[in-house]
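Quick heads-up: structures coming right below.
Here chain A shows up in two complexes: once beside chain B, once beside chain C.
Let's turn to the complex of A and B:
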């Protein structure tokens, strides 16, 4: 039986269906697990935290969810080496839980994906993520080529990485900067960054390489019907779409 | 400088959620009050008139406004302020200058929480020190 992937659904999660569909279309054995079934979560082999507004972002984005009973299982699983992948609000939850960059204590965040700058507004923009680490540094990206470009949609008002200057240096030195924003060509400059994120950060990985948090949504540019370049043939999934990251995730799980 | 607290007069679900989460963390909270603290240079009744006329920050159907005697947190209260100044928002006629979210924590018999318990609540839930500072 193939490894089981849980997509935890907190009150306010809203991207679980497309996340689940893409995991399944990439060959993953994925299921939704609602907050009322929190005790079931421990039985899964990997976790994908989808986007949305868990607990309405009360107090701060991800703050309440990070202390939810469901996260007890996710934190324990991450500690035991299971794969954990967070997207958008899922990424915010992983930061609040202290799982990424993972240099501090559990549930004591050292950084935040916070209010965009300079305009503190919601951004909905097509973006490209450039892999900023060796692919094998993170199990979830291991099947991607070096300097891989992953298309996605940024859809957030609070996606800017913020931390102290010392901690930003620690993030770089520790190899935690997994993805940066880039142009489709791979060029990196300020114009490619939709939210003022420090280091141009679009994603962070923990020290062990089994927890990845990214702000943009690759699942919203994954199938041919929602891929910007629709000339890629008859496959359901766009070969150059955001599904490449999900395929890599499923592949890592199969080989683990 | 004057501090003005704008709070909900309807049930505050966010404050209720915070209370439940804090109890789960082992902090003896019975009730939480939340308000937005705005800081202004101007004084007196004209300030209240201006705030209550500003529909971008005050809705008379759900908000009440209090002019605070002092621009410091009260007993059992913490003010959470962003470390970075907010960028002016032209859509808000009062602008977005210095601002804080106030959390006032009450234990049994409506007694406000002591400083130690308040500190635990701040460290464990109410403040992310990467982006916020706590004043209490």
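Let's turn to the complex of A and C:
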């Protein structure tokens, strides 16, 4: 029996279906766990927190969901070394829960994904993630090549990493900056960053390397038919592009 | 405030044999409003073609249904609805536009479908002054659409926007929603035979005093002085609750499938509880008995007439057999815990279906309404006078010779031509991972709506107000043609249309005449192209206090089917050395074009020739079938050269530095047709097409000898709207 992956569904989650579908297409044994079944959540081996607007993003995106009882199970699992991967709203929840960068204590975050800048609006834009750590530094990225470039879609109003200068230094020094925004070539500049994020941050990892939070959605550029530049003859239903990150997650789970 | 006219009030009293009660008065006010009754449009709308081999359900219920294709032995259909939320958006643009999306999504959901896309044709006033009220509306409406669609997780796949002084006092916010359903699982909005004793279940948000008089309000002209007073008639959006309601409803659909139980499901829109329950039961040949005090309310002390016809958002109605009701209540109230998601939201039994065809409302066990169902829901007609010929004279002028070097950048930067990206990047167009061509990437948006299947669906909208100002009928015909061409240009097969007819005051013969002429024109175009209209909506009284009406705006959406998404035409030039063909109408006249406006020139409208249109479609489809169609764009706002530039921009964005050399008399004419990039020895029969140039391996457009840098043109084209939408 392969390891079981839970995709928790909070009130307001909206990306659960494609997240589940991609995990399965990458060989993962995944299922949705609805908030009314929160008590089942502890029995899983790994967790993927999907995108959406859990609890309407009230106060700040992820702030309420971080205190939901489903997160009690996720926080405990993270502490015991199980893999936890959050995307977009899932990443915001992991930050608000204090699991990443993990430099503070639980549910007392030292950083936030907050209002985009300079324009404080929702932005839906194709982007690239660049791996900014050694692949093996994070279990979930271990199967990626060094300096991996992963295509994805940014689709959020609150994706800008914000923290005090001191906490930003901790993020860098502790090797928590897992992904930055980049161009497809790997070049990094302001134009590549869709939201004014500090450090050009697109993703953070905790100290132990088992919890990863990324703002953009690789699962929305994950099948050949999603790519505008697909080549003639490609199987349109085959996974590619952003799916590499999900494959790496599933592989890490199999080998753990 | 009741807007029934004297003769209507008399008719009601005569039929009842007594004075109507307060509740009855408000119920008839809603039911007989223009918004609900289509009383001045019905007799013309029936001329639209609505049937065809693809049509599973034409106009009449909440949405139309078209056969899409077969996957794994199962037949799939697309469900489509098209509406306006113009008046609410003018008064409170964020909430008005957001509830527009909310309402259209429920229309599609209630057919038993999974909602997979929305689109938003928008018409705003001129926004040259960024601090003006028009600019505020243009920003707030877009933010409302984004806030709602993004939160419920439905991608925004298509849409358009125009900025015209004619919309300064009356913006248009049209909305389209698309769903997908297994054809076996369609749910209807009226009860079937044998429904006597079925329970009427209200689901969703607690009823509050918002949206009282909404249907009636939408059927009045807007007077700016009354705008404050009107705000109470606009509903309050709650996309968070809707997200949960949609998912809970999907669960109900699955259980109905599993148990093979029939039930009826309908959106509460105009006319509230009365409008919805009366139609659901009367159209099945039954009556209803409802106790209003059972309705879950947000505050105590709401008057029974407000509970009865108020238009609180995020509510739907099930009529279901007794044995299914406990599961229905459990799914919404416990499994999806509606009462914890929003204050007093829930599913609650409020009444039952009766054999007697009377519509009876009680409030605290006292009868407050008792009328014949048929009298309430039956058709009513207003035979109003109208002016027959509406044509705002255009002179037959030849276009002057143009200085292409000076004028082309101005065309690209024109408010009707420049990039819409600053606007639509506020919309999530890729949520749910099924997007093939996202909003703005091509002439139509494309989805793969059935996971694991190669089936695709394309969606595009059109409706050019520059034509509307000149000739409402011509504009309507062109709207059908342009929407259809857009779907064809991405490699889809057009299968059906929807329309929203946005016009002025039907009580003014000239404005009503524009409306009548436009419907005839839609019918002509759809018949010629053999495409059915399966859903639509009419929005009249788009007239300001000054008596100025909007440019006549027949807005059309076209749905296309794709058998295999591998054959979708991806954006942008693919290679140097391709032939560029202009396929279709290419008359050298400038009437209604952006060029004509910039030159202050009237010009003649391009002639519509359906044989040529059909031939153009055949050529484009042949090119796709042969695999030689490398890229394609429609010729629309900004003309042929704009289409060529867009193909170069698309290539640039994909990292391909390509350009084109063009040789053609006046490349800024907007006569229609397609620009196609055809590769190699195509073997195509290109009779009737014209080779206008070839692609080249430098990022330049060379037009009749004048040289443009593609990157600089891209800057010119991509910047203008970034001021309004930073």
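Here, the second predicted complex is superposed on the first by the 246 of 256 C-alpha atoms of A that agree within 3 Å, B and C clash if a C-alpha of one lies under 4 Å from a C-alpha of the other, contacts with A are read in each partner's own complex, and residues count from 1 in each chain.
The working rule: a contact is a pair of C-beta atoms (placed from the backbone, for glycine too) under 8 Å apart; a residue touches a chain by one contact, two chains touch by 3 or more.
Every value quoted in this text rests on a predicted model; they were computed, and no experiment measured them.
Applying the stated clash criterion after superposition on chain A shows that chain B and chain C can sit side by side.
The superposition-derived angle at chain A (between chain B and chain C) is 70°, Cα centres, a multiple of 10. When the shared chain is aligned, no partner comes close enough to touch A:84: not chain B, not chain C. Once the two complexes are overlaid on the shared chain, A:162 sits against chain B while remaining clear of chain C.
Contact with chain C, but none with chain B, is seen for A:219 once the two complexes are overlaid on the shared chain.
Touch criterion not met for A:133: it reaches neither chain B nor chain C. Legend: residue contacts after superposition of the two complexes on their common chain; A:22 is shown touching chain C, with no touch to chain B.
In the superposed model, A:236 lies in contact with chain C only, and not with chain B.
Within the superposed three-chain model, A:107 lies in touch with chain B and out of touch with chain C [touch as defined at top]. By the document's definition of touching, of the two partners only chain C reaches A:124; chain B does not.
Of the two partners chain B and chain C, more residues of chain A are touched by C. Touch criterion met: A:34 reaches chain C, while chain B stays clear of it.
Superposition on the common chain places the nearest Cα atoms of chain B and chain C 5 Å from each other.
Overlap of the chain B and chain C contact sets on chain A: residues 55-56, 118-119. Interface residues of chain A facing chain C in the complex, by the touch rule stated above, are 9, 11-15, 17-18, 21-22, 34-36, 51-53, 55-56, 118-119, 121-125, 153, 155, 184, 217, 219-223, 225-226, 228-230, 232, 234, 236-237. In the complex of the two chains, the chain A residues touching chain B come out as 55-56, 58-60, 63-64, 67, 96, 107-112, 114-115, 117-120, 162-164, 167. By the touch criterion given at the top, residues 13-14, 17-18, 21, 24-25, 82, 84, 86-87, 89, 96, 123-126, 128-131 of chain B touch chain A in their complex. Interface residues of chain C facing chain A in the complex, by the touch rule stated above, are 143, 146-147, 150-153, 239-240, 243-244, 247, 334-337, 340-341, 424-437, 441, 448, 451-452, 454, 564-566, 568, 570-571, 627, 654-655, 725-726.
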